[in-house]
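Two complexes are shown next, each including subunit A; its partner changes from subunit B in the first to subunit C in the second.
Right after this comes the complex of A and B.
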């Protein structure tokens, strides 16, 4: 990959030596967006090491602690052994919570939602796990490889009825979704393109649990897709999709909605799409530029995204919990509307404002109560409870820094201090009550 | 699974402690039961004797020492309830000037009895507790300690000297305790207290022990037990104003297995329970009085005919994890279901018969199926051998075998084979949905017995195979016994068991086994160890570390390995029926 000039304009890098000071707020903003919550230690390290080093640490694979490796292996093997999707969900939630590489998990979730596939139809933990491994392998890498891999992924083929795609009866499911949901977006293809592409994917089947090119069911005749004519097969269709100008724009929109703002302007989408094309669809350098850019740290984009249930729940747990009772958390996430491995449809979770409604806000408040006041979901970290005997002012400042990225100030700070002082019970109970209040704040639902 | 492990751990620790340590002879009970010291009219009594030797065993046991030094205990005492309990223990020890073990041995170690009496004027039940202390000097010491303490309590406790010696303490809320030379008697009821104190010094003939219920229990279960509980069912029935057991049950399984026993209970004057603990094991027995001849015809379906008992099959196989075996007149029970079971259950039988048509079209269950059975059924469980896999499932389940004795072996086996084949077909449809290997019907001759079994289309490979790969269904007919097993290996073992049958299916003098149940803790420990990875993962899912989980599992398995087989049988005697739970330690 040739060295490219740094982006200019909206994506121009923010100079932390002159434009803005790297403080807890900036560090918390970066960590909050790029992982599922952060610990006090992670925030301290990010502040200390500065933006460039922190971004590199996020982007590059960090060694996982031995305890994580043991637990991850045990949970993964058990999911395979039991064949229970709940066990696989717990495995992934554990990874999100405990990994030393949280950005990889955040990107994996992005792609899981992008290529939304549900166990509800696949009915195989092994196939769902394989798809997840494929996603994680390319999460920060080449989107082309991910899209090619996904077109041969057995879970995807089951999910979108690959075995029903036969040369005399083409099934359009995969061809439609690759254009509408995986690569281009609505309005960038015609119905004829879908019909022709479906013929190219005919014979892409699953046999004995693995991908199988069923030549006898593959349509070998000429197809016309995006105005191009040829005896295309599925791989050629994937390449054709990737070559469309709409593809990087479509991906740029996804990245911006996940990491920057809920309604990105066309100009910004074009800027990111250009960088995606220039970086040959490799996500890592695109994210590096995004996390370094002025637009990422712009005040208008701070606390502008509504936390998804995973961001809220796993994020809070990463910050506060020493141990977690995962079966309860899995149920809670399903009730909140984000049940990993079982997205609601091929479109995945729409998210944004839809995450909050009269029912979910109640559940979010109950989660705050249960996490802060009971041991039903998790036990709090010693580093969190050890400060219980400090002053109200110090406790609120510390929690505000950890949970809200130093944004608890002024009237809010004073109110929380007053409430901490008024809270009933001993010092630990007062601390728990304050945590509960912060987790229930409308501001905490944003990041 | 983790909660289950914790429960097993608790049970095994408690029972383990009771039977560990220095083997010392139990204190011989110098005098008889204290029940006859209680006033008549009790609804229930609970008597404990010879506790000192058990406390001594627990105190000196290596198991307790090991547990107290274990990380498990260190974690347990950090909890709030444990901290409160330890604080309470420290206060008590400081006040009485001796440690808790000595307190327990000194004051509870000889004999104590609790009597529960019907409520007066609709209030709560009354009770009286009588404790006999071995040495009068110990009670004098207790009085010395308690008297100043009680005085310190001011108006809350009043103290008075008793005419016959000793002291009476009365709290503001009416609780009274009288301490005499060898006795501690406590009650809230002045009447019960007074009658009991009188009984302590007068003839025992007028005490509770003279009542029919208690006499009958003493006669049928004896009186020399560590713990003995007696409930006067006649009195309970009078208080309730109805039978203690409903005329018609609401659970068909309970009715089939325990309907006879429950009908005994409905007519029995007492329900008795005894606990005995020795150096090598324990025995818990529960009994109700009655005779087979007292039962009506329908209820006789659930008991064995004393003249010609068709005893439960035992089916002994190597490495047996457990067995559950019974003998019932199933046809009679089924036909009498409207008399035995609640009306709300009857539509469920209709649904069952309709559903059965899927397997056996054109057959009537009562007329065309049940007559082929003798009523003897056994479930046997043993470890699976996995010889049909290139690897092992991630979750290793034991193999199960169902043995059904047939009155008409050929016709009965045909019917059961049709059922087995249909189940296999349905399972294959499900396997296809779940993307598992399909089964193909196959057969072999094992020791001249034709065995039908399912073999996988391709041998499954891998170390974390799906749970479904624990199963390789097999069936066989040997003599008049049809075997349906989840494992070809266990099916072969059951054939061996039948061919090498020892004369174990017989009654000992005076008793007839009605239900036979056995569990091998050693084999259970092996199964737990085989599933250690999954157990650890489940613990991690619930917030534990792999290390914590490993420690807990090791503790459970160590205790299980020390235990001998646990038996839980229902046994008929000439004039009563018992539930017998027993086991031991190596």
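Right after this comes the complex of A and C.
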């Protein structure tokens, strides 16, 4: 990889020595967007070590504690042994909550949403797990390798009818989705491109749970895709998709919508697409530039995204929970509309305002109530509840820092202090009531 | 409205303390008092059933009189003797017995050859087109019913209510940049839990939330505050509905039937919502189509039949138009997996209380095709124009953006 000049313009790095001070707010913004929430200790460390070191810690693999390794292995083996997708969901949710590498999980979720594949049709925990391992392996790595891997992934082949794609009866399902949803986006291909590409993927089958190139069902004749003529096979089509200018733009859009803003301007999309191309589709350096950029910390992009159910629920648990009742949490996430390993369709979760309707607002409010006031979902961390000697003001300030990126001011601050002062019960009940109110607020649904 | 229901309903309104709740009026409730005085003809209701995945129109309304049908469908065609004949040319899928009864009673309209120019075969794109009614807009921000709600809201807010049932996300049809449409699965889903801890704290928390969300904000925060207001007030309102509804109709135990029953419950309780969308998924039948499609046909027919009987029992039939739609039909020729791939023009059903049931439009030719697909003769926007102009009395040209000639089913 050649050493590149840092980006200019919209993506120019923010200078924390002169442009802006690195405070709890900036640190919370970075951790909130790049992880599923953060603990008090993570926030303290980020404030202390500064932006550059924090970003490198996020990007580079950190050693996982032995407890995590043991629990992760046990949960994974359980899922494989039972064949129950709920057990695999718990495995992944546990990872998101406990890992020392939260950005890898966040990117894995981005790719799961991008290549949205559902157990509902795949019906194999092992295949869903393999696909997840493929995603995690390339989560911050080469998109080319991920796309090539995905075109031969067994869960994907089952999901998009690979075995039905035969020489004399091409099935367009995968060819359509690689163009529409995986690499290019609507408007960057023709129906004819799809029909021709489908023939190139013919014979890409699954046999006994592994990828199998079924030569006898592969169409060896000439195909014309994106105006190029050749006897293309599936791998050639993947490469052709990757060579389209729409591809880095499509990925730039995904990254921006996940990490920066809900409606990125064309100019910003182009800027990120250019960096994706320059970095040869490797995600890690692109993310480094994004997390260091002026646009990432711009006031207009702070607390401007609506939390997905996973951001809300796992984020709250990361900040507050000592132990978690995972089966209840899994069910809650499904009700909130984000059921991992079972996305609603190949289009995945659209997110943003579409997470919100009356029913989901009530479920989010009920989550706040149950997490803060009961033991039905989780038990609270000692570090959170050990506040007996503090004043209402300092308790609200501490919770505001942990849960709201240090942005509790004015009427909101006054309302929270008033609630804490007037709340009945012992110091823990008063604290729980205050947490419940924060978690119920529309402000808390943003990050 | 039965007076007991009205009383409970107005009590709820009072107890919810609505008027103080928001800068943007919580329409769902604030306007309910007005709704109580609205004339019956203004309480006309639209129920849309979304058949998600692309319903195979050819195996729903079967052109059994056309030899080309058998030829195109050697593996999955419905054998002639099993077709529920409507005439010498067409008939219904054998599992659509309930719909055939409704057809014979003159209550069911069947619109043939519905589609749009330059059809798109992507589920998502074509669904967006149907729901936005804007085929040329690549990235629609709102839906046709969302825009209809806005028009209505600006003139008679009491009539602008809508509800989505059984979808995980709000269908684009209902999306509006200004109006929040609630969506729910079951009435029980729509309740606040009490949690533990002192009751006084719970009450204080709720009061504080209501106070804080009443302030207008901007951007996503404003959106969330409005949504929170709508949700909290709706929850209080819907709390007592289950208790007031009775029916002797035996609804089948299917998802669609339970969703339509919920619509009937809400209509019975005189909830002011007048547009409902419910979804039935699973129509993307690329392989081994027959058994799955047959089950969906049975679910569709049974649910609509029961719903219609329930409406009749509660003397609500005259207030309801129900219509189905799907993002596209399937290819005329079956594929090699005993299934069908994404196609273009198709047909739709409409339950109409105006005596205009029967067949509308003409069955598209099975041999004069575009890219292997049926040609449309009714633009789906004409169907919307019919519903908007003739039923909801909302000017369709303003909602759709251009004028379409209504078709004759209302």
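Assume the second predicted complex is superposed on the first by the 445 of 447 C-alpha atoms of A that agree within 3 Å, B and C clash if a C-alpha of one lies under 4 Å from a C-alpha of the other, contacts with A are read in each partner's own complex, and residues count from 1 in each chain.
Please note the rule applied: a contact is a pair of C-beta atoms (placed from the backbone, for glycine too) under 8 Å apart; a residue touches a chain by one contact, two chains touch by 3 or more.
None of these values were measured; they are calculated from a predicted model.
Enquirer: Overlaying the two complexes on subunit A, which is it for subunit B and subunit C: clash or fit?
Expert: On the shared subunit A, the partners fit.
Enquirer: First (subunit B), second (subunit C), both or neither: which does A:423 touch?
Expert: After superposition on chain A, A:423 lies in contact with subunit C alone.
Enquirer: So, does A:301 touch the first partner subunit B, the second partner subunit C, both, or neither?
Expert: So A:301 meets neither subunit B nor subunit C here.
Enquirer: Scan A:209 for contacts with subunit B and subunit C and give back first, second, both or neither.
Expert: first
Enquirer: Tell me which of subunit B and subunit C touches more residues of subunit A.
Expert: For subunit A, the partner with the higher number of touched residues is C.
Enquirer: Given the touch rule stated above, what does A:75 touch, subunit B (first), subunit C (second), both, or neither?
Expert: first
Enquirer: So after the superposition, what angle do subunit B and subunit C open up at subunit A's Cα centre, nearest 10 degrees?
Expert: The angle comes out at 80 degrees.
Enquirer: Just to confirm the value: shortest Cα separation between subunit B and subunit C in the superposed three-chain model, in whole Å.
Expert: Nearest C-alpha atoms of the two chains are 13 Å apart.
Enquirer: Need the overlap of the two footprints on subunit A, from subunit B and from subunit C, as residue ranges.
Expert: In the superposed arrangement, which is not itself an observed complex, subunit A uses no residue for both subunit B and subunit C.
Enquirer: Touching subunit A in the complex: which residues of subunit B?
Expert: Residues 393-395, 433-435, 464-468, 533-534, 536-538, 540-546 of subunit B touch subunit A in their complex.
Enquirer: Mind pulling up the subunit A residues that touch subunit B in the complex?
Expert: 67, 70-71, 74-75, 77-78, 80-83, 87, 90, 94, 123-124, 127, 209, 323-327, 378-379
Enquirer: Write out the stretch or stretches of subunit A touching subunit C in their complex.
Expert: 161, 164, 166, 168-169, 171-173, 176, 180, 186-187, 191, 262, 303-306, 335, 337, 344-345, 347, 350, 353-359, 361-363, 365-366, 369-370, 372-374, 411-412, 415, 418-419, 422-425, 429, 432-433, 436-437, 440-443, 445-446
Enquirer: Where on subunit C is subunit A touching in the complex?
Expert: 121-125, 138, 164, 168-170, 180-185, 189-198, 200-202, 204-205, 208-209, 211-213, 215, 219-221, 223-225, 227-228, 230-232, 234-235, 286-287, 335-337, 339, 341-342, 371
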